[in-house]
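Shared chain: chain A. Partners: chain B in the first complex, chain C in the second.
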Partner chain A sequence: MLSPAITPSTDANTDDGSILSVTGLTKVFVSGGKEFRAVDDVSLSVNAGDVLGIVGESGSGKSTVARLVMRLIEPTAGRIVFEGGDLTAKSGEELRRMRRHMQIVFQNPHSSLDPRHTIHSALAEPFLIQTNLRGIELERRIDALLDIVSLPKAFKYRFPHELSGGQKQRICIARAVALEPRLLVLDEPTSALDVSVQAQIITFLQELRQRLNLTYLFISHNLAVVRHICDHVIVMNQGKVLEQGTTESVFAHPQNDYTRQLIDSVPRLPRLAI
Partner chain B sequence: MTSADLPATAPEIPSFRERHASTIRQWRLYTHLFAGSFSSMLGLALVVLFLILAIFGPVLAPYPEDTTGAVNLSQRLLSPSLAHPFGTDEMGADILSRIIVGARTSLWIGLIITGVGAGIGVPLGIIAGYHGGFTRAVIMRVTDLFLSVPGLALALTIVAALGPGITNCVIALSLVWWPGYVRLVESKTLSVKEELYVESARALGASTPWILRRHILPNCLTPIIVKASMDMGMAILSAASLGFIGLGAKPPLPEWGSMISVARTYMPDWWWYSLFPGLAIFLTVLGFNLLGDGLRDILDPRSRSR
Partner chain C sequence: MTALLSIENYHLDIPTFDGTLKVLDGINLSLAQGETLGIVGESGCGKTVLARSILGIGPQRARRTSGRMTFDSMPLDELNEAEWRRIRGVKISMIFQDPMTYLNPLLTVGRQLSDVLVAHARALSRPALSRQERRRRCSELLDQVQIRDPERVEASYPHQLSGGMRQRILIAMALAGEPKLLIADEPTTALDVTIQAQILDLLRDLVHRLGLTVVMISHDVGAIAAIAQRVAVMYAGVVVEQGATNDILTHPRHPYTQGLLGALPDIEGDHQSLEAIPGTIPNLIHPPSGCRFHPRCPRATAICTSDKPAMTSIGADHVVACHHALD
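Moving on, here comes the complex of A and B:
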């Protein structure tokens, strides 16, 4: 390792504005008798309305953090506190009901939509699972969602394979914000898309955040995007947090050798690189 | 999104054709692909012919009374002629009539065996594949146990224990038919449950039954339909085999396997007696197999090159 993991400042976790705080999160995968620490003692905290970026190279454990925070996989150790409630202590029905307040958008829109369901059915699913909305009211909600992501109503009756990557990702975002969550985890939402579409989606996500008053946990290996939209940044490598702070300070004065390497490795085309 | 954001007017629902344009296009493509393959169409034609015979059999049969055990000794073992295109048997019954009416028996046998087999096997396979761990280990070991014994031999033992007869024959074959479905569905479930859309549904808070019903089962359906179609033929053949060795349907009930069983003692001089029921079994099994192959080709294009 280049330097020991930096422990988060304790006052960040007790801050009243914090919507999500994670302490000592660890995930160990066991395969073939060998242990692999995908996430090692990660602590972070996101203030309501902020965008926290997690950057790192492939395999640094950033996506595993996203899945752990969403409780899609069980942490080996650690505590996840969401809006004052301990998420790690919840299970079953209680956890199921909690899920409407935090949603995730995955990296690959091509496989995040069930190929056998129409867009209508994909957009109806959150309401069918979490609410009692049915019939005409449900139709109106679905139309409103399509409005939010600026897609024509006629898309309702199409199947995912008839949409482009960017359109599919918009549908995924619409699904994620359908239940008006307070936290949206974005797990490399643009890395499977064309460069031109990436910029569209990023701009759209920024507008959406202001409109719906969302908090983002933005995971990416694209430093230019992170610098553009995040308020705070966490740098991860090999499952550990190397550095964290405001985007300004991390990018302007990186304290860690690895962070410096990462920033230096960005091609010098800042205006085009989004 | 507050209620103020919602459109004030009620959403208009377009016509059926507009709403299902994608599905209609998909089915047109399927039909086109299917119709382009000679073997698939032959299979479909054989299966449709078989279904017509099964549904309208007693109306179509030229001598319906011969199928219920009428004895006409003056006409025994007549060779094929205009009056009796497939000849007559040792009781003087018209073989064509008995074959036509026998189709219904075979259809029921095939449907029940395949239906019960899939009905037991598919849920077990989905549960084993989705849950993993101890549940999976138990289900799969029992399945392996059943698969390691030849199905027909096991069915034979069960029929022998229950006593011969068509009902017991169907029960026995149903009991040995499900393991194939468990295997198929379990492996398919294992791959489907890793898909992001399943994880996305979990993130929305979907319950396990919801995920199994809405996402896993529909995405496992293709191989199940293909296997069920092919199994119809195999089940009919197995039931005929049990009929042949005297454990299935009993005369005078017209069943193809038991007809051949009686007819083999009249070989080779009275060849038509066993040839035509044999041909009926052959064409039915061939029809279902070709149909299954054709369905696999259109529903699962990746397997087409094999």
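Moving on, here comes the complex of A and C:
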């Protein structure tokens, strides 16, 4: 059963410390008789409590990897092992039970919330689907979630259009952590937001990871953000992994020409004199 | 040096069902020939409305309540539609964030570029160009935006070209009338970083080669820093700080500018924590009294809630509107 308050989950790591490991992941889309390899033989592994970043430009396949890991789309080939269980081999009830431990936050908070549902029903939905929590207990949990994302409880009664972009993204994050997942896939979570709001969300995500002992798979095209938040990073281009390593080593000593070009393309700011 | 464009004490209101949005609240900007000015600010700060107002294509219901804009010693606010036609797209042209929206998907790029030439000739009451002349001018324009295979590109439809290529086409169209002023509204926001770098290079090259004057609008401080000599920082319809780019970025004097820069993660990887600006942008129907930034400002005092700070000069080319400017 669910504990009444959100507490860190520390159990269930596999032997090598990785919470998610992906091998030979491939996705081929077929359209008009033509094959397109969106993801081509991608392997990666994320240690529990780490933040793994995937960077790449549009069309690199980074978002497809996120969707494959969540099994929102079916891989053409490859294995996804989450907490020791082979996700690709699961289906039905077994898969549904796994799903509560891995959640995703999408890029555009404006299209991630049903405009006809209040914030309350958006936040209640995971509990109604995955748990038996109802009534006053459910209300408490929803209040606690709003508290976690630092929004007033009165927001329950609002509709998405009454919230700003940053507030909506907080709601999406609250909903994603509702069931105390162990892995959070963040697909460009700040790309639709202004920089000052992006700073709020990033700072908040960093705190939340500490507090709930979460593991992040952080997908972004923004190299500065990735450098700021990720421990390890994977560089993708045209469906393939070009380079991977600790964030520090990839950014300081990129081995691949494309990675170097990517990093050099980011406009630099003069130093603040403060 | 006389200003090519000057905006003085410009106020703009937009009536809505909920009340009147006070979108621009006393904007003062001036731009010399050949200069590149960056306007930076977050969503809803009024930067796009300002840019569109320069071109006379602001929101339809928008009303100028006071102030004026002068371009090349012409009062822009007093032009009639016939006069606008000789200026808009000809003397002042504009490029936008999403080039696909501004290209017709059903016509080839060559056809659309040549249509622009026809329209300009008509607007300026000049004799129409012959087919050969249009051809020649089209390849000249494509050459200016560094497109290496003009024949293929002219024969292509917009969907057959990449985002960076489409933006080059849009820039070529904007250059067709040999404008004095180019307004670039988030020209690189929809593009990947490597392509963004190419487009910024191109814009810099055009400024250098054609002596073009540019107003570049962006929420991306990095893109602005890469191209603009001077920057104006906007917040909630007000220019809060203005000056030489390097000066503003290294010595921000307005608390908002400082907050904005502190919120940027650094690609060089100094693992300082990001400082978010608390609160959210104000509702412009009931903007905060006094300084519009005061509810979110760490330095705010009583005077900030009552008096609107005046633009004060604090350096050779550096002005700030703040009662408690940073040292």
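Keep this in mind: the second predicted complex is superposed on the first by the 254 of 274 C-alpha atoms of A that agree within 3 Å, B and C clash if a C-alpha of one lies under 4 Å from a C-alpha of the other, contacts with A are read in each partner's own complex, and residues count from 1 in each chain.
The rule is simple: a residue touches a chain if its C-beta (ideal position, glycine included) is under 8 Å from a C-beta of that chain, and two chains touch if they have at least 3 such contacts.
Predicted model only: the values in this text are computed from it and were never measured.
Participant: Overlay done on chain A, so just call it for chain B and chain C: clash or fit.
Facilitator: Here the two partners, once superposed via chain A, fit next to each other without clashing.
Participant: Should A:227 be classified as contacting the first partner (chain B), the second (chain C), both, or neither?
Facilitator: second
Participant: Quick one: classify A:203 as touching chain B (first), chain C (second), both or neither.
Facilitator: Second partner only, chain C.
Participant: Of the two partner chains, chain B (first) and chain C (second), which one does A:266 touch, if any: first, second, both, or neither?
Facilitator: It touches chain C, and chain B stays clear.
Participant: When the two structures are overlaid on chain A, which partner does A:58 contact: first (chain B), second (chain C), both, or neither?
Facilitator: second
Participant: Between chain B and chain C, whom does A:34 touch in the aligned arrangement: first, second, both, or neither?
Facilitator: In the superposed model, A:34 contacts neither chain B nor chain C.
Participant: So, does A:248 touch the first partner chain B, the second partner chain C, both, or neither?
Facilitator: Touch status of A:248: second partner only.
Participant: Have a look at where A:148 lands relative to chain B and chain C in the superposition and call it first, second, both or neither.
Facilitator: first
Participant: Please provide the least distance in Å between a C-alpha atom of chain B and a C-alpha atom of chain C in the combined superposition.
Facilitator: So the smallest C-alpha gap separating chain B from chain C comes to 11 Å.
Participant: Can you give me the overlap between the chain B contact set and the chain C contact set on chain A?
Facilitator: No residue sits in both footprints.
Participant: Please give the residue numbers of chain C that touch chain A in the complex, ascending.
Facilitator: Its residues touching chain A are 42-43, 163, 192-194, 196-197, 200, 219-223, 225-226, 246, 249-252, 258-269, 271, 273-277, 280-281.
Participant: Considering the complex alone, what residue numbers of chain A touch chain B?
Facilitator: Listed in rising order, the residues of chain A that touch chain B are 67, 70, 72, 95-100, 103-104, 106, 108, 111-118, 125-126, 129-130, 136, 139-145, 147-148, 153, 157-159, 162, 172, 175, 177, 179-180, 212.
Participant: Taking the touch rule as given, give the residues of chain B at its contact with chain A in the complex, in rising order.
Facilitator: Touch residues, chain B against chain A: 1, 5-7, 10-11, 13-14, 18-22, 26, 195-197, 199-207, 210, 214-215, 218-219.
Participant: Where on chain A does chain C make contact in their complex?
Facilitator: 57-58, 164-167, 194-200, 202-203, 221-225, 227-229, 247-248, 251-252, 261-274
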